[in-house]
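Structures follow.
Here chain A shows up in two complexes: once beside chain B, once beside chain C.
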Partner chain A sequence: MRARMLTFTRQDSPVHRLNGAAKLIIFILWSVSAMITYDTRCLLAMLLLSLAAFRMSRVKFGDYAVVLYVILLFLVLNQMAIFVFSPLEGTRIYGTRHELVHLAGRYTVTAEQLFYQLNVALKYAVVIPLAILFLLTTDPGEFAASLNRIGVNYKIAYAVSLALRYIPDIQRDYEQISFSAQARGIDISRREKLPKRIKNMISILTPLILSSIERIERISAAMELRGFGTGRRRTWFRSKPFTFGDWVAVGSVCAIVAVSAVITFYDGSRFYSIF
Partner chain B sequence: MARRNGLSIITIVAIGIGSALFVILGRFGSIPSGIPNTSIETTYALLALFSLLYGPVAGLLIGLIGHTLKDAFFYGSPWFSWVISSGLVGLIIGLAASRISIADGNFGRKEIITFNVAQVAANAIAWFAVAPVLDILIYAEPADKVFTQGLVAGAANMVTVGVIGTLLAAAFAKTRTKQGSLRKLN
Partner chain C sequence: MSPNIIEFEHFSFTYRSQQEPTLRDITLSIAAGEKVLIAGPSGSGKSTLAHCLNGLIPFVHEGASDGRLTVKGRNPRELSIAAVSEMVGTVLQDPDGQFVGLTVGEDIAFGLENREVPLAEMNRRVTAAAAAVGIEELLGASPQELSGGQKQKTMLAGVLALNTDILLFDEPLASLDPASGAQVIEWIDRIAQETGKTVILVEHRLEEVLHRPVDRIIVMEDGRIVADFSPAQLLASEVLAGAGLREPLYLSALKYAGCTITEEMQPQHPDKLQLGEKQLTGLREWQASRAGSRSCPAYPPLLELQEITFGYGKEGPVLQQVSFTAGRGEMLCIAGRNGAGKSTLSRLICGLYKPDSGRILLNGRDIGRDSIRERAQHIGYVMQNPNHMLSKHLLHDEIALGLRLRGFGEEEIRERVRKTLQICGLLPFREWPVSALSYGQKKRVTIASILVLEPEILILDEPTAGQDYGSYHEMMEFLLELQQRRITVIIITHDMHLMLEYAQRTVVLSGGRKLADGRPEHVLADKQIADSANLRETSLYSLARRAGFTEPEEFVRRYIDDDRRRRP
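So, the complex of A and B:
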């Protein structure tokens, strides 16, 4: 049950050296931009740029391999679901119909549908490299400071930092409770029938959640005693100042996003058509 | 559990720990139900319980932060339409169940009914309406697909919260001392 998740790894590269707040701003701008545009040219250009950034970071394949497989599986399932539920979505969007192969009933493969689904796939592909990169190269401690810097209330930033701090602890608690339950014959694997499995799950959740509630009371008492929340602002141990490189990176991403928005909406529609 | 105006310390800590629990249960605590692509997400029982305990603001932020972190760590990028819907579930349950004083150990038949009406309403609004509409607006996905996904997920979450959430809340209430439970001897 080892966690296969994206965690920060300490390395040295231009991407690792960027300020956490700069990376957060870049990631948000990039995701919003990829969300808005359905313009294939913009998406392709953005994909190339994000792959270039990925290469520059020199992160190791092993650090993200499992997550990448999960993402690809999800992508394939999503593509199949789109076709099953709406085989003519592309025709509806682009307004033309070039039939390629007729399968059965209402299922016809059209060039428009293939093009639409290519765009959907590209939209994911554009965000994924930067998302993985952001998680692998940003120190969780610096992340909370970055959130505060871009204008999030410091109390909420602190809540996020608490979450990041306690994810490994709670995972360990969960594993210990579930192992000790299994040692007593409480099985939550697929060998057990569904109602029994749910019942067994509850007997793991109850101690986990009750102990977490106690933990909440303990931590908040400790914070209360240290006077958390009395000041209007707070400083962060991990906070770094913006350097020239950070401004250049944020500036160029702003420019890319602006260009992409102009190209996308130049003809009045968010969809770019080749038909 | 003293509640203050604004974000009290206990709410902040509850948001942090609640989000961490949301991530872990979202990853390890889901049971496939046998119906393809549908699973029993125990993490929504947790979200409902924490919204009940710590109020609407905590519910909203646990949904938003927990779901964003879960998606980010395990799937690479957050799926914002569903992240927003998770936040909404927490917010609505927190608002609708604010009259239940579970911290005093009150979780009888009346409270169970209130809690479940709140959770069914919250899940219906979030998964039958908001999530699919946002999917269409943000990601331009086919309407049939997203509404079917929303229906299935919403129904599964209602059952999960109804069964597991209610049981967890009852278990928590038992650990609390009821108000006025002291009796005078002689």
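So, the complex of A and C:
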């Protein structure tokens, strides 16, 4: 078996017990709030809360390690890109210029730039734990029901659930197809030169795509036979009613978001300055 | 309203993309509460008939119909597919394609969700339906954790939860092993009896369906109904042979022994069969007339597996200390349940994985260090689904692919492809696009594409799955021809007919260990071994016991001898 990444594991914790729709609403509010604010105090407070929720959920490091590394890599790339393309962004925003080191040409490290980039990094740090948490603690079956509950059309919501259902099957198809292709001498490893490798890759992807299309036809016929898509609405086996705890959680997050918005916009600029 | 729940009157149907009608002049009525089997080979129109009932025709597959069809007094064409599904609950043949939920519970609930059933009632109905087919323990299981039989039971529970009056099963046995198939047939029967629902089974596996009684059998051929008989009537008639259906093995044996099958003998089930003195004498004489022991040719060893142990990562070994030998020119079956390690074994032989311990010898040479590609010169692997192997537009290119990748000259490629097409009986199609071929022909193309590399060993995964008696027969005769060309044929299968009628040897794997290795009739005679591989005792053993033979295995051997001699 391959390593399982970002898949739901059945566990019991306050975070796991929360309603899927509540978690989705919280995640969206939290992300929007973190995107808007550049107030370091708010971001730090939110980061602490995120980490607290993360700790409470008791998810295992192994379940998300790979994804975390990938996200960190992107964070580093993003930080470098900001500096390369706009080394004086901080100075422009905060209106002051404290030079620390002059590198070359227009590249000067300023305290303002460092502070600005710290805030950007903080935004990531605020959102990432909740994103990972949402994926790891929401039962995929409940996820579609949650999407539908917050107003997404049920056909689209169900497509998400279907994708989760059939990804393992298609993965297995791919493994089998590539195995038989390799046995026929179709090499897709690094031993082959790139143009030939791409050509060989096509020999594997063609049957995979064709058999997937066939599969889709079968599935959609089977779904129609069971009455999918005729009603304007549908009910969900996995939907859970909102509990008191869910209302408390959503309510507190709304409050936090409101407080953060007030603090952020109190002085008319969403950039908090220490200069 | 008439007492008939389904009525066809001079009904014909032509698919929009076709010139010729697929159903011709069907007149058939089915009474409420009846249990009917619709049988016929592939292409006989039996699935089309089923689709007319459940609304896939005309709402998904369009076409023109003529004549009259009513289901519960209403014409499906004037309703919607959803309205038809309120009356007819369908279980299709491929459980993977219709298992849309992430867990068993969600899948059973799927139809209820679409009908906006409130949560509390839904929970109650899902639990009840799961209990009705004995899978209440599995409500939280994902489809990846289930066996084929469990998936099919989930489908059954899904239609039960909807409480439709008619249950329609479209080839429910196609992807099941013999033991799970028998179980599903038992559950269908139980539900039919308990609920009094009308049950319609569409299948070509007559003997397997007749494991439990049906009221009537409709036989179809070329879009027409050629027989509408009770099971006993049908089995005593000559209809089956003409319609390309396999008659039950115990009846073939009786016929080989010179007995005539009559309706009065109750031929519909081996346990009900009335054997008079005449039949018993016939069987005894036949058994005694056996022309000496069938010589079992010795095959020089070609492929040897020595104490192979293998596991994926931390999950413990999938195979433990498995050893066996395949001789040159032998036909060998590997049987076992899902997860017994059959496909892992073929992957180890082909070199996709390396064993943790143990050796694999080919012609006495250790091939442990050879790559997949090097092994492919000697060992070919053919997948179950031909569509997973075909990637070229034209037949010729598909078969030439392996040779081109190995850098052969065009001249030699053309010659070898031609020779292979000749052997496989595909020469007339060499300029055809692969997509225009039938399923059986595509299957042959995949074998040809491996054969062109001139392997000494051919490993086939379920070569006869999902095929009717005619294509089964053709495929196996073809493999027999390859065997006669001294190619070793290793078949991963749970097709017991195949084992008995064609293979020299059967290896049974169970829980990663080799449980049995011997002549098929010997292996299948051992109930414990057959059970562990989800196989069943064949009806030949029941017949032998009914006739009072002390050594049923001998009787089965007699049957196999005769059967092989009679083959054209």
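The working rule: the second predicted complex is superposed on the first by the 259 of 275 C-alpha atoms of A that agree within 3 Å, B and C clash if a C-alpha of one lies under 4 Å from a C-alpha of the other, contacts with A are read in each partner's own complex, and residues count from 1 in each chain.
Here, a residue touches a chain if its C-beta (ideal position, glycine included) is under 8 Å from a C-beta of that chain, and two chains touch if they have at least 3 such contacts.
Quick caveat: nothing in here was measured; it's all calculated off a predicted structure.
*Asks:* Please tell me, clash or fit, for chain B and chain C sharing chain A in the overlay.
*Replies:* fit
*Asks:* Who does A:V70 touch here: chain B (first), chain C (second), both, or neither?
*Replies:* first
*Asks:* With both complexes overlaid on chain A, does A:V120 touch chain B (first), chain C (second), both or neither?
*Replies:* first
*Asks:* Once both structures sit on chain A, report the angle chain B, chain A, chain C from C-alpha centres, rounded to the nearest 10 degrees.
*Replies:* Computed angle, apex chain A: 60 degrees.
*Asks:* Would you sort A:D187 into first (chain B), second (chain C), both or neither based on which partner it touches?
*Replies:* A:D187 sits against chain C, while chain B stays out of touch.
*Asks:* In the overlaid three-chain picture, which partner chain does A:R197 touch, first (chain B) or second (chain C), both, or neither?
*Replies:* first
*Asks:* Quick one: classify A:A163 as touching chain B (first), chain C (second), both or neither.
*Replies:* Touch partner of A:A163: chain B, not chain C.
*Asks:* Which partner chains sit in contact with A:E99 here, chain B, chain C, both or neither? Use first/second/both/neither.
*Replies:* Touch status of A:E99: no partner.
*Asks:* Given the touch rule stated above, what does A:M223 touch, chain B (first), chain C (second), both, or neither?
*Replies:* It touches chain B and chain C both.
*Asks:* In the superposed arrangement, does A:Y38 touch chain B (first), chain C (second), both or neither?
*Replies:* first
*Asks:* Figure out whether A:A81 sits in contact with chain B (first) or chain C (second), or with both, or with neither.
*Replies:* first
*Asks:* After superposing on the shared chain, does chain C or chain B touch more chain A residues?
*Replies:* Between chain B and chain C, the winner on chain A residue contacts is B.
*Asks:* On the overlay, how many Å separate the closest CA atoms of chain B and chain C?
*Replies:* Least C-alpha distance after superposition: 6 Å.
*Asks:* Using the superposition on A, tell me which residues of chain A are in contact with chain B and, in the other complex, with chain C.
*Replies:* On chain A, the residues that contact chain B in one structure and chain C in the other are 1, 161-162, 164-165, 169, 202, 206, 208, 210, 215, 219, 223-224, 228-229.
*Asks:* In the complex of these two chains, what residues of chain A are touching chain B?
*Replies:* These residues of chain A touch chain B: 1, 3-7, 31, 35, 38, 67-68, 70-71, 74, 77, 81-82, 84-86, 89, 93, 120, 123-124, 127-128, 131-132, 135, 153, 155-156, 158-167, 169-171, 174, 178, 188, 190, 194, 197-198, 201-202, 205-206, 208-210, 212-213, 215-217, 219-220, 223-224, 228-229, 270.
*Asks:* Taking the touch rule as given, give the residues of chain B at its contact with chain A in the complex, in rising order.
*Replies:* It comes out as residues 7, 9-10, 12-17, 19-21, 23-25, 27-29, 31-34, 37, 40, 42, 45-46, 49, 53, 61, 65-66, 69, 72-78, 80, 138-145, 148-149, 163-164, 167-168, 171-172, 175.
*Asks:* Under the stated contact criterion, what part of chain C meets chain A in this complex?
*Replies:* By the definition above, chain C touches chain A via 54-56, 59-60, 80-82, 85-86, 90, 92, 94, 96-103, 105-106, 109-119, 122-123, 126, 143-144, 158, 162, 312-313, 315, 347, 350, 352, 372-373, 375-376, 379-383, 385, 387-391, 401-402, 405-406, 449-450, 453.
*Asks:* Using the touch definition up top, name the residues of chain A that touch chain C in the complex.
*Replies:* On the chain A side, the touching residues are 1, 140-141, 161-162, 164-165, 168-169, 173, 176-177, 179-187, 202-204, 206-208, 210-211, 214-215, 218-219, 221-231, 233-239.
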